[in-house]
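The structures considered in this document are given below.
In the two complexes that follow, chain A is the common piece, with chain B as its partner first and chain C second.
Let's turn to the complex of A and B:
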């Protein structure tokens, strides 16, 4: 195939861009196609802020022992909350920046990225993306380095700092056993009274999200958060306001681990760079030793 | 031919006012360390979900590894490039590296939530090739082993044929003796393999430490977030190696009342402005390419810290060490090397891992707790004490005692008088 000049420059530009920014695709691990993996669509326009999802999650996962009535308390909305080791999901209420009289509520939890930074960071593979969608955690492998917490672009993993013996990383499990073995929906989705949460394959959810935007353009901003953010996520969001006004971070389209993985796999490409460095140093060692011995021999001759 | 003696154990008192203070600090650190293991991270640290890493990672691990770089740079200079006159500093640098990495691991264990699982990365079933931390961990483990192997001939030289453990331990005498004999006989032939391996392993993990934070582009300040961060980490580790050797050698001379090795250290110091200059040039070019200069004028904590790091830790030592006068003076070398170590490299690692790190939903800022500081200070104190202990018992330092160079007082007085008469 003949490559003309323009194509060549395009290729070169693409190549250097890949090197410089480590765009998705250059990433070493082949992130599998997540379109048939499970996901959840969170429609914050429909959400009424009842906090039932928090209750269901607590009873299913964290089992903190809080009385169900505590989850009816709406005064928690006065303060911004984040998920922690005792709550894998929390609902926050925000004012609509365009109309302070209006507000919306938004549930947050692990986004279950298609190419998760936490799993790429993990030194022992204690976190991994399952083909079904959930990013799951094996506590018995974990060494407790907390690099996953540094890496997560949504700042989700929490840690049991108060546990001196066997602390765990804690985050939403996407109810892995429920959805893969018991054939049920995640606890939060099951309980949601207003169908603000929809469980399904990622592909179907994206179609549904865009359909809702198309049919109700005055209710939604034209943006499905999680479609491209951080390389795509299993959990997707619809919102009545621009996402820059929400608590979800502004993220680029590329997968988070692509730069570090490009560097790592470059350095260890078939172990060639380390072997080449080893050989080069060996040659230098040999050459300088011979020179030293020759000089020493000459000096001995001169004496 | 050489004006230097062969390395020999230094005879001096172990306890001085300085080492007594260090012993107290080390004991306090040990107590804090044990308390951390029993009570957990929440009771002893200011770490939280926003700030998962503190000074135990930034100082004990990241800075510790960087400052132990003298081991591989000196080995490369003396044993690979065969610059023979630097052989006298190979052993002290090797000891620093060996102890440095040992204390890095001890410090890391305090930080790990499940420290008893620290061996997991060695299990092939848990290998995780995408993880930068996995590579750093494995390289450090192998390099530490290589350092112990490189150190073995020094132990064999001192104790071979003299192993004499008391009491029930005497049954081990024969085993240790034959082990030392085997090491002594055979290591010489293979030591080159380990020396080169040490340099390669160092290049790998010194650079990879710089890759670690690149996984969090939205949390790291743009002054330090650059895709060439691994290169910068490697170059700064190489640049700090010799200042570290100079710093230690001068302190050891002072403490053990030895003649400072000024001839060697001054000529070693000539390399430092070149290595620092390359590092600085690449750092500035990178800043220019990324259009990151405006962040320097934003007046934030980060911009001030960057200026202190570059101005005080890189630029100033370059200017100092370019002058022969400074290179030839003990105070000059000590000042310049301290600047590189503390501001140029230690502060850089603290900047990258802590100062540059801003969580997405901050509720406060991180400052280390009393326990965190006690452990870090205690580890550094313990390292200095073990260094002193080993130097007093093993052939590491080849210094000549200063007293030998002093003429008896009467002779000096007579000489002075005769000079006056002339």
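Let's turn to the complex of A and C:
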């Protein structure tokens, strides 16, 4: 294929334009509409801190063998806890900054983001968002790079560091089999005596969350955490006071992968930028070889 | 052709009228039979605009606020004890002392403290609306489990700061969960002493120029028509009882002032503070003694606005704005005007429309006649 100098620059310019266009259109990479996916609304105003969700999760998922009475111990609230490989969910107690005598309790677990950063960071596709809502993990694919742990804005995935031969990333499963095959609610939702946890489609949960705020403005802060945070999450929270002092981080509305994936995917869009890059390199090589050949020819002539 | 169209249109219109009349008639009959008189919105109970006998399209449960609270149910109508036995495989039935809780609720919102949604004339038990399974179409409504626990725990954890299952649920032998023992500080099962309503309370305060405050408690309830919660706000169980602090039986000076100031915010200290005990309220104290007709009225008939009783203009037209010469029967004042005076304008005698003062006849009659000897009509009653 004969390609002259002028045509090459045209091609390179077109490739650069495509790359720029790809970066500008940061549209996010949410694979499907999550409004009909399952989610859970955690109402910390209704939560009584009984820790039954921890018990149910242990019996359903982690199966650590702890006695049920272990979970009646309220002294654990004195220390702030995080989910780990043996506890996919933990309940923490927070004091109301305005009135320290009033405290409330909040369960924390994987938020099952609509556009999960962990899945985006995973280089082997061991984590992915299902249309039903849960972000599921496939231990067979996992190579243990733990990029997901770095990527997660909620710092949820835990790792079995003590398992030398077959370590896994551990996080809330959203009881995937229970909700998709057995047609049940997640274990923690099923057991919650006060029904502080409500299981349903994300759209209906958001409607209900805003209804509760609207009908009881004295009880709730006007914010549904997870509606927009990190591009929206399947698990949503209501709280009596502002979320900033809880362990839920203050996050931008956009999904984490929307920036990173746009840049990376933009580079390889339609394969034009790589062609442009390699074309440019080829041109430089060609130019330098011409020069080198000319110099060599001149030297030969001189000799 | 045009005539045919007109005829057809007329027939169709007639048919629509007849049909709608039939539907309306049916609705009226049902309304009279099934509903209490009053202004209920159809859509409070029905899902369709025009419910019929055949298709009443009734909602499974009412979702409008308590409408029967005005006609209070007697406590004797309610069950004394309710056995809640939905999860007998794990726990023994919960013995819920309904009567005791209903008595305690009198300080709050009565039955409505727990029975939040009730149709007129009927207080449904929890399980009439709350089912065992979550309804994906109506996530707002908790299941029976959630409804029970929220009702019980919303108060119980406030004063006990505890959410142990065994406080209410006694495990069955086969349940496998060890009992944690009965907490002797728990007040479950212990009758609350009767809360008596004081008539008058006299306080001795440190305020030097007026140490004595006489508070006529019964007057505020029965005369000024205040309900308990108007002053005793947020005084639920945990207000007095909290296992983490001693029982409180009296209010602080600040709390008392805050409650009184809720209405008496514009009043000076001497409104309440005095050097000696004060008698109760009479209307004469306001400078306007109630006459025979006014004395029969309920306070709220003239002072309808809210908790704070507002001062009224003592001019008749302040309340009786619609009165004029044609529709006012002067005989109710005890004086039947004669023919001549009856045709005169009110302001001819009642100068500047000051009806509280007896008119001065000399402004017209300069011949010395006064109301004492010759009246402008016939005196039919003397007060």
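Please note the rule applied: the second predicted complex is superposed on the first by the 273 of 303 C-alpha atoms of A that agree within 3 Å, B and C clash if a C-alpha of one lies under 4 Å from a C-alpha of the other, contacts with A are read in each partner's own complex, and residues count from 1 in each chain.
By definition in this document, contacts are C-beta pairs under 8 Å (C-beta built on N, C-alpha and C of every residue); 3 or more make two chains touch, one makes a residue touch a chain.
Computed from a predicted structure; not experimentally measured.
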Name the chain, either chain B or chain C, that contacts more residues of chain A. B
By the touch definition at the top of the document, which applies to A:194: first (chain B), second (chain C), both, or neither? second
Thinking of the overlay built on chain A, is A:49 touched by chain B (first), by chain C (second), by both, or by neither? second
Where does A:76 make contact in the superposed view: on chain B (first), on chain C (second), on both, or on neither? neither
Partner chain in contact with A:213 - chain B first, chain C second, else both or neither: neither
Quick check: in the complex, which residue numbers of chain B touch chain A? 37-43, 45, 47-50, 52-53, 76, 79-82, 84, 111-115, 117-118, 120-121, 123, 126-135, 137, 192, 195-197, 199-200, 203-204, 207-208, 211-219, 227, 230, 357, 359-361
Using the touch definition from the top, list the residues of chain A that touch chain B in their complex. 20-22, 28-29, 80, 82, 84-85, 117, 119-125, 141-147, 149-151, 153-155, 157-167, 247, 249, 251, 256-257, 259-261, 263-265, 267-268, 274, 277-278, 281-282, 284-285, 288-289, 291-292
Complex contacts: residues of chain C adjacent to chain A: 134, 136, 139-140, 142-143, 145-146, 149-150, 153, 157, 163-165, 177-178, 180
Chain A to chain C touching residues, read off their complex: 46, 48-50, 68-69, 72, 185, 192-195, 198-201, 204-205, 208, 211
